[in-house]
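Next come two complexes, and both contain chain A; in the first it sits with chain B, in the second with chain C.
Presenting the complex of A and B:
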């Protein structure tokens, strides 16, 4: 177990030894590093849909979550919907928040920083004239995302900022949002 | 032709190795595709100056003797400096002798050149790590009306088409070119990915003075925490101007250079930039501050605190609230793109299977263990942080020449035993 400077073992609940082991193993077997993430969506009613995830591919084989997870999505009543669940764009924020926070825990563990509490609030601006087709010059998506972390940890403010910066550098969802991705949608 | 060792390349690395092999009485030849200091002569833009001060060019048996130790050499001065070193070393040199192939031979290696074939027990690749300017794949999508240049082709701002310029990459090369081109009156957009911020001077001393004094430049490859990362880090954002000015992103912004995120894609004549500009700047600011913290700690521990100016921290990199995420080349009037996206070594003539999947040679501090008798010199963090500096290649050449001498001795003993 990693030891903090004070001598107490650092435990953020992240098995970095296993992660470093995977890093070494995948250096030698780059094919096994190729993953495929999958989701399946069913329309429920109106703007309400349910997406489930269960299987994915990685380490050269089909893999499975311990159970099937479901994510409902809908729109609020002010969009003339029933508000059965979060909006898809909020789920995107949840994805970013979870990804960055997992990264904070892992990077802190690797740097032997004991975390006591981590929370963040996310806010994303959007001009809905885009999705409503009112103005073609307005983009559909966010015009920016602001993430504000509050972290209580055994580390200097600079070291905490470095953990958060490194977590962004290594985050999949941050990359997906900050950089263009080709999207192909087909009808089977 | 037979010799014990062949050194390929007569830049600072090849000359330093020749000095050490001569000191160890090892028979060798230095093969050079052009003249001494060929890359410095032909493959860099004329205004380039060394990024290390004059004093910091200590080579085996040689060093700076002028009266401007803190100045920075121009390109012609650098060539002249290495020519003087070549005269001192007076290596067994073959110029205009391009190597066409290096392959294994029963008793060592065979080096084929334009002037014949050498057989030898050891080969030192002193051809450097900065031979070919790397182009990212997305350069293929650049609209045809936009000229594309690498730093090897670039000469000066005046030779560019009139109009705006996009410089891709913000290591030393990209930052220097952005500075020079913006000053010429051509507006520059600089695409910034991960970079290493630096300031030319700190507490009244050159940054390289600190790197040298603190021992950071001597940090060994087998001591550093993440060697792969240390070897792939972009270069310091430094220039060697007489006014010792900084060329970090704040300095470039003050000149009027427009900062955008990493160039992520080009689609339909439009560039798309990553939304990560703020974070790469934060990473670089934090990294520079960690370096300055180490310098301050060293200064405090070693009692030089009073001999230098008090500590300070540079202003954090200024990033506008919403940096642009896209740019239409045509509408922005961009006529030229300069790819300052790094260099890679050229091993097209190397017929020994020692390359990894990225085209780099697998080695342990310059010893190519899979091919006994094959050595590398002059690459980034080969054996020390200073390995790619003129000032650093001498220590590496000393270490590797000792290894090479032992290898030659062992193979000779092996051969003698085989004969007996």
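Presenting the complex of A and C:
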């Protein structure tokens, strides 16, 4: 495992001591580990909508972000829409990209690997005959996602690959996309 | 099926005639239906990252949004982070919310139902013992997502429920989350 260079403490900006403390605390209080994440969407016009997130539940209490965060979404002009914002499927890619990248920073910190830069490109194929209802044998979603990281760090290529693999292993969004998740949609 | 009120053309801001035209065109040219959606993520610091989307591929050519769209993500303060932005899992909820809502507008337009307002709340449970590696039997992702729509429209409750059901049936993000999607993560 890579070591910090002499006299230079590793600092990726992740407080792993606090995370290790949380691990110990939640082992003894599993009820506190039950979170509820929430979002509210408002239709704007056409395929344009705005989703906001602010409150969530965790550690046995209602929690709140420092501010309300908003996400606009729309369809592009080649789908006869106004392209006011990213598409919903690109927003999912942003969720995956950010989850894996936070994990890379946290795992590197725990392994005393100093990161200098981390970036990744994501590409997801999709046959739009699915969503357009042209062919019932074509799925609506992605036919697969490829994520390619480029990482500059004080570590060997093997250690860097191991950090990325561990991030993937513990990633919430990777799991949500790779494995089935039950979704119920109702009208109040 | 609900009808538009006499003399009042239904206008939800979705050009369904163009979408029906695309359906016909892509039936004859299935290669053009193969899209590639892309995103690029840059690590900022700690668990904070920024994902941008701009270019994609579809209709047999490289395409580009009108502008580059950016999505910041971070972890909250109760995870010992800075809460600079929404969490990656909340961003996934935004993707689902916006996909289903665009579908509601499009299906309603196709069925000549005038929408007045559409909103929904989403809630997703998650046991964070998964991502913290406390219990290997706990999954990393959501244990389920519940979406609840509130829709004011010129249609019966039954017709409104049918619009939502059809949107879910054709939703790319619903499919990505509800069904397994292959994700490969590599280091260049």
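Note that the second predicted complex is superposed on the first by the 182 of 188 C-alpha atoms of A that agree within 3 Å, B and C clash if a C-alpha of one lies under 4 Å from a C-alpha of the other, contacts with A are read in each partner's own complex, and residues count from 1 in each chain.
As a convention for this text, contacts are C-beta pairs under 8 Å (C-beta built on N, C-alpha and C of every residue); 3 or more make two chains touch, one makes a residue touch a chain.
Keep in mind it's a predicted model, so treat the numbers as computed, not measured.
Using the contact criterion defined above for the overlaid structures, shared-chain residue A:69 touches chain C, although it does not reach chain B.
When chain A is checked against chain B and against chain C, the one touching more of its residues turns out to be C. Of the two partner chains placed by the overlay, only chain C lies in contact with A:131; chain B stays clear of it.
Once the two complexes are laid over each other on the shared chain, residue contacts for A:121 go to chain C alone; chain B is not touched.
Of the two partner chains placed around the shared chain by superposition, chain B and chain C are both touched by A:168.
When the two complexes are overlaid on their common chain A, residue A:58 makes contact with chain C while staying clear of chain B. Touching of chain A by both chain B and chain C, each in its own complex, is seen for residues 30, 143-144, 161, 165, 168, 174-175, 177-180. Note for the complex: chain A touches chain B at residues 30, 143-144, 158, 161-162, 165-166, 168-169, 174-175, 177-180. Across the complex, chain A is touched by residues 12-15, 18-19, 22-23, 26-27, 30, 33-43, 45-49, 51, 53, 56, 58-59, 63, 65-66, 69, 71, 73-81, 83, 85-102, 104-106, 115, 117-135, 138-151, 157, 160-161, 164-165, 168, 170-188 of chain C.
Of all residues in chain B, those touching chain A in their complex are 194, 261-262, 264-265, 267, 272, 274-276, 279, 282-283, 286, 289-290, 322, 357.
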